[in-house]
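Per-chain residue numbering starts at 1, and chain names A, B, C and D are given in the order in which the chains are listed.
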């Protein structure tokens, strides 16, 4: 068992355990806590997989941004401290069983597939982003150039680079932000009737 | 240039009343029903129109060097040869002469309208060889195929005189109406002659402004009729005049009698207009144009000859006919002279039909026999209306049209016109003798005088008929206004038996009325030196002209002696009933003290028009046939009557000017004798108490009844048209109710039966199928509804289960 | 040999696959020990500075030179205190929240270089990672505030969350301004580029970086919830904010985290703007640089290179500590803002200003190219140094990486040429 | 456990299934959102793993970046919707959002 495998095992276990804890937790903030652990561990897995930029993005955007947003949501929508909205036991059991079944199905299919030969880390494939620092090639690909494929900008940008998707995602994000802030504006509040927890 | 000026002036005079009408109707005067603004506006419009017309007349005279008026006698024997010389030119088509062509070029360069005749050239020769006419097109309304519907103008001396006369009389009447209609200046007008079903009087807002709006519209229509340059345009304004007449007669629309009278006038006019339309169709079919004058394009080239140029006359005044077929030749003898018009012909009979058709329209409009009954009923309208519409203008329009369309009438038509006029004048006069309503007397008198005009025209006295038209317009409108003044003063009392001795109360009215009566009666003081110095009022001269013409005609055609006897006799009757009216009303002792006591002289605004008109009624025709009016009127008379024909035409021998002149003294004397005797009888019967009129009425009860019932014409029409129509209607109704309704009911039953079966089929089979579809869909949806729990989480679960199931199927189906 | 290694992981390469694990453990232990102590120093510093600012002596009783034992005494006191957990609290979250804060703060040092090559993880996107990790701290604070079951804590936590999430934006954008000048996210490379006279520091690179430094410092102060932006604690209104219910060591963890992140942001500032471990005096820097290189490639004494690095660490820590000192100074100088003022300052002023700075920094080289014909206004060695650094990296990396850089440079040149033609 | 492709995929699978079960069992709307995040994250793990261990290369990382960005966008909008829902119904229980049930 190599060091990398050890670290992988640790983080994978943390990831899975926290994910299951998310499912099991009853209060939302605990769920959020476990989710943070899970996503953080996932980020560590990304680092292990030499995807350091993705891992950093995961940390910054997911954990630092999205989850804070979620916790905000929790607090803004909480009608009492440590609010719990329970699920019936039967439902939980059924969901759990089906989840297990699903997990089995996924396991079976994942292990049943004969994937292409794994690429091992070598000096040759560092530049492809398979191994090593990927920041520069990622940035270039977002600018429409794929140096590792030997394509310069303007030569065959449409087929290789990610300039257009990058722009689309940027605009999409802007639109979403505007839309979300519009949606979430404080508006009239419903008359509190039959408040049921 | 003269034509242009005349055109512009007359257009202003013509359109001003329309502007007035628009402003009065849409100007919001209903907001102030006590304001006279509308009336002043109308007066202003029509007075300005008069000024324009008068200046147009002066300009016309200047253009013709007034020479036409200074000529003492253009039918003297010495000048006869000269006439013939010019007759040569005339028959070649006065519009088609080569010489005026050059004139055309210079004039027409300024615009689309043209001088159609060589004006200056003829005027310089000091007497006309044909009408001096200014014609052209104002506006193209539409072009349907080769048919131009356009607004044209046709200006000659007749147009100008008519314009001046109409606008002047209308101005007077407008002023008079301002006083007469002043009762309408209120928010709450009580109409004592109109009753509601509960017996109350009608209360309504005053309609002062509306009255003047209608008057303005009428003036516009009448002037448009006079100005019209084509027969279709005449027809348009003819109908417009009819509409205005309808509106004005029915002005007191709440009164049953008024609305009935309006309907009657309108419908009877339609009868005549039907003939008019037939005439129009014939004209259009064979002549291809409606225009009186010729159509000239911008270069001055004659594109199409007018109606009056198309009909050619020979020296006898007869139309030119084809030697072989006997059909009338349309167009010039020499085709080269009228470019754009190939030589055509029209059957003579159809030309007669066209003439009779147009004359039928005139019969309706001028209330001639047999369509005369509407006019007395039309007296239901306000008296200014009667004065303007039913004495001076609208009814005169029929006579005017006969005069205007004269070149198109052939001898047979003219004879018919003469006889119709003859019958009318006698019949109406006799009825007037027994009428007691002051306006009815005047109405019948109007019919009678219109008959005189028709007679004059019919016996080839073009100038005489129209002369009488103008003089009659003055004195008859004067008398109507006087009667209006009486009615106004007596608080809407119109029955003469209730009046009497009114001259003490209303001297101005009585005096002016007397002038009018003398004028219409044709009284005169025989002159000492010659006829030209005779002192007489206008009626004498014009009636003398008509009677003289008819006498000459009868002398030439003895078989038509009635055409002289009747007017002569009627001249006496006229004097009788007119003086009867005057004596009845103004002289003697008051018969109804209630009326007499409350009676008063009219205000100044009503009496001033009376005085002005009385002066004109007395002196407008001074000089007789050598007078200015006559000469002006006949300045542009149709070519074939201009120089006096003495020839046989269509089996009738026509008198020439000389023949008429020869019998002038004779006819005048006879007419004067008749008038004086009529006057004396009237004086004896009504001016003195020598004869008991009531006793006389009783003794002559049969005749009186016959006359009082208007020769039973209403009954006659009732029996001739109404009853048969009722019978036919009843029969049609029976057929409708039994046969057609039976068929329809039967088919309805069949349809009902079929539809019952269809309904069964529909409800059970079709609906059943559709409902089955619907219910099954509904049931499926209902059963599937439970799946849609609305629970997000269950949906997720379903997805997972679905995926698992899918994979399970995959794994079992493709193991490994 | 030991001194020749560029990093600890390299040093333990004989362990095979386990070298990273060992390196990580050693790093962690080192960091924790160093930075568990540094807060004590900073706490002492704070006490003394505040005392001086308030015209008093500060801690003197406990002993030591200038009373430096005070922090130790505090530490002992805190350790001894009972670890309380309120009944209304969500105990699991309540107990774990301080660790989250602590971990987030200390993990930032993982990619923070202290001297040339002296960094735990020489990540290419080091700045990005450090910003990401620092942003995690807010989560622990929210959890602490929420799980305490106290409204003061909840308010404090919410305020802190809002404040930190908002200030992260200008913080990141201001950090990007010198990045634009440097062309790299690698903190080690950025530090190396500023070698030479202090005129080559990115602070003086162009007017935008100059302004950006001050904005960055303000924002960094706020994101460390230091006064005058300490609304999360706000003793006067919220008792103690999110840590109202905490006591003992758990309470002290928050403060360790706070001082650690203070040091971290100041360290970032010193690397980005103030030349990092470079002294700012040209000859000395060059000499140190040469010594390090010589020690690394074996041409010179490794010990000398090591010494040069130690000097670099000293310089770096001094710069960062000065930043911390300024923050302490600010705390006792400026009054506290209202929470709405804090948010207004950030969203209405700092964000637009930083955006403008960022835009200016992007357009600056273009403007210089069109006017002066070069990318820096100082014709000095900065541009050359950048190129040299890039070249150096290319050498140390694989060949294909060199190709990458070349392609990128060529592509960039092509773009610039096109722009110029336009 | 070796750090190879299958190991990553299994981790991704666990995350995925946990997310799905989370979505299926949590009545709190925010909890459902968290489930969604887990699912997306599971997918991300797979992308990165493929990027690392196959010749997919950089594209996997690019994809996972896009996924992260889109997840952030999705979270913002979903949260806004949840807030609106809470404003209108005074609860965040998704089971009560069944006005459109059949």
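Here, a contact is a pair of C-beta atoms (placed from the backbone, for glycine too) under 8 Å apart; a residue touches a chain by one contact, two chains touch by 3 or more.
Just so it is clear, the model here is predicted, and its values are computed rather than measured.
Visitor: What chain pair shows the greatest number of contacts?
Guide: Result: the chain pair A-D has the most contacts.
Visitor: Return the distance between the CA-based centres of chain B and chain D, expressed in whole Å.
Guide: 97
Visitor: When the C-alpha atoms of chain A and chain B are each averaged to a single point, how far apart are the two points in Å?
Guide: For chain A versus chain B, the centre distance works out to 100 Å.
Visitor: So the centre of each chain is just the mean of its C-alpha atoms; given that, what is the distance between chain B and chain C in Å?
Guide: Measuring from centre to centre gives 111 Å for this pair.
Visitor: Between chain A and chain D, what is the separation of their C-alpha centroids in Å?
Guide: 7
Visitor: For chain D, what residues touch not just one other chain but two or more?
Guide: Each of 20, 24-27 in chain D touches at least two other chains.
Visitor: Identify all positions of chain A at which a residue touches two or more other chains, and write them in rising order.
Guide: Counting only residues that touch two or more other chains, chain A contributes 2, 4-5, 53, 57, 65, 67, 72, 95, 98-99, 102, 134, 137, 148.
Visitor: Multi-chain contacts in chain B: which residues touch at least two other chains?
Guide: 797, 800
Visitor: Between which chains does touch occur?
Guide: A-B, A-C, A-D, B-D
Visitor: Name, in rising order, each residue of chain D that touches chain B in their complex.
Guide: Contact set of chain D toward chain B: 20, 23-27, 32, 94-95, 97-102.
Visitor: Quick check: in the complex, which residue numbers of chain A touch chain D?
Guide: 2, 4-5, 8-9, 12, 15-16, 19-20, 22-23, 28, 31-32, 35, 38-39, 42, 45-46, 48-51, 53-54, 57-58, 61-62, 65-67, 69-70, 72-74, 76-77, 79, 83, 85-87, 91-92, 95-96, 98-99, 102-103, 106-107, 110-111, 115-116, 118-119, 128-131, 134, 137-138, 141-142, 146, 148, 162, 165, 169, 172-173, 176-177, 179-184, 186-190, 192, 195-197
Visitor: Given the complex with chain B, which residues does chain A contribute to the contact?
Guide: 94-95, 98-99, 101-102, 105, 108-109, 112
Visitor: If you look only at chain D, which of its residues touch chain A in the complex?
Guide: 1-11, 13-22, 24-31, 33-35, 37-38, 41, 44-45, 48-49, 51-55, 57-58, 61-62, 64-66, 68-73, 75-77, 79-84, 86-93, 96
Visitor: What residues of chain B sit close enough to touch chain D in their complex?
Guide: Interface residues on the chain B side: 784-794, 796-797, 799-800.
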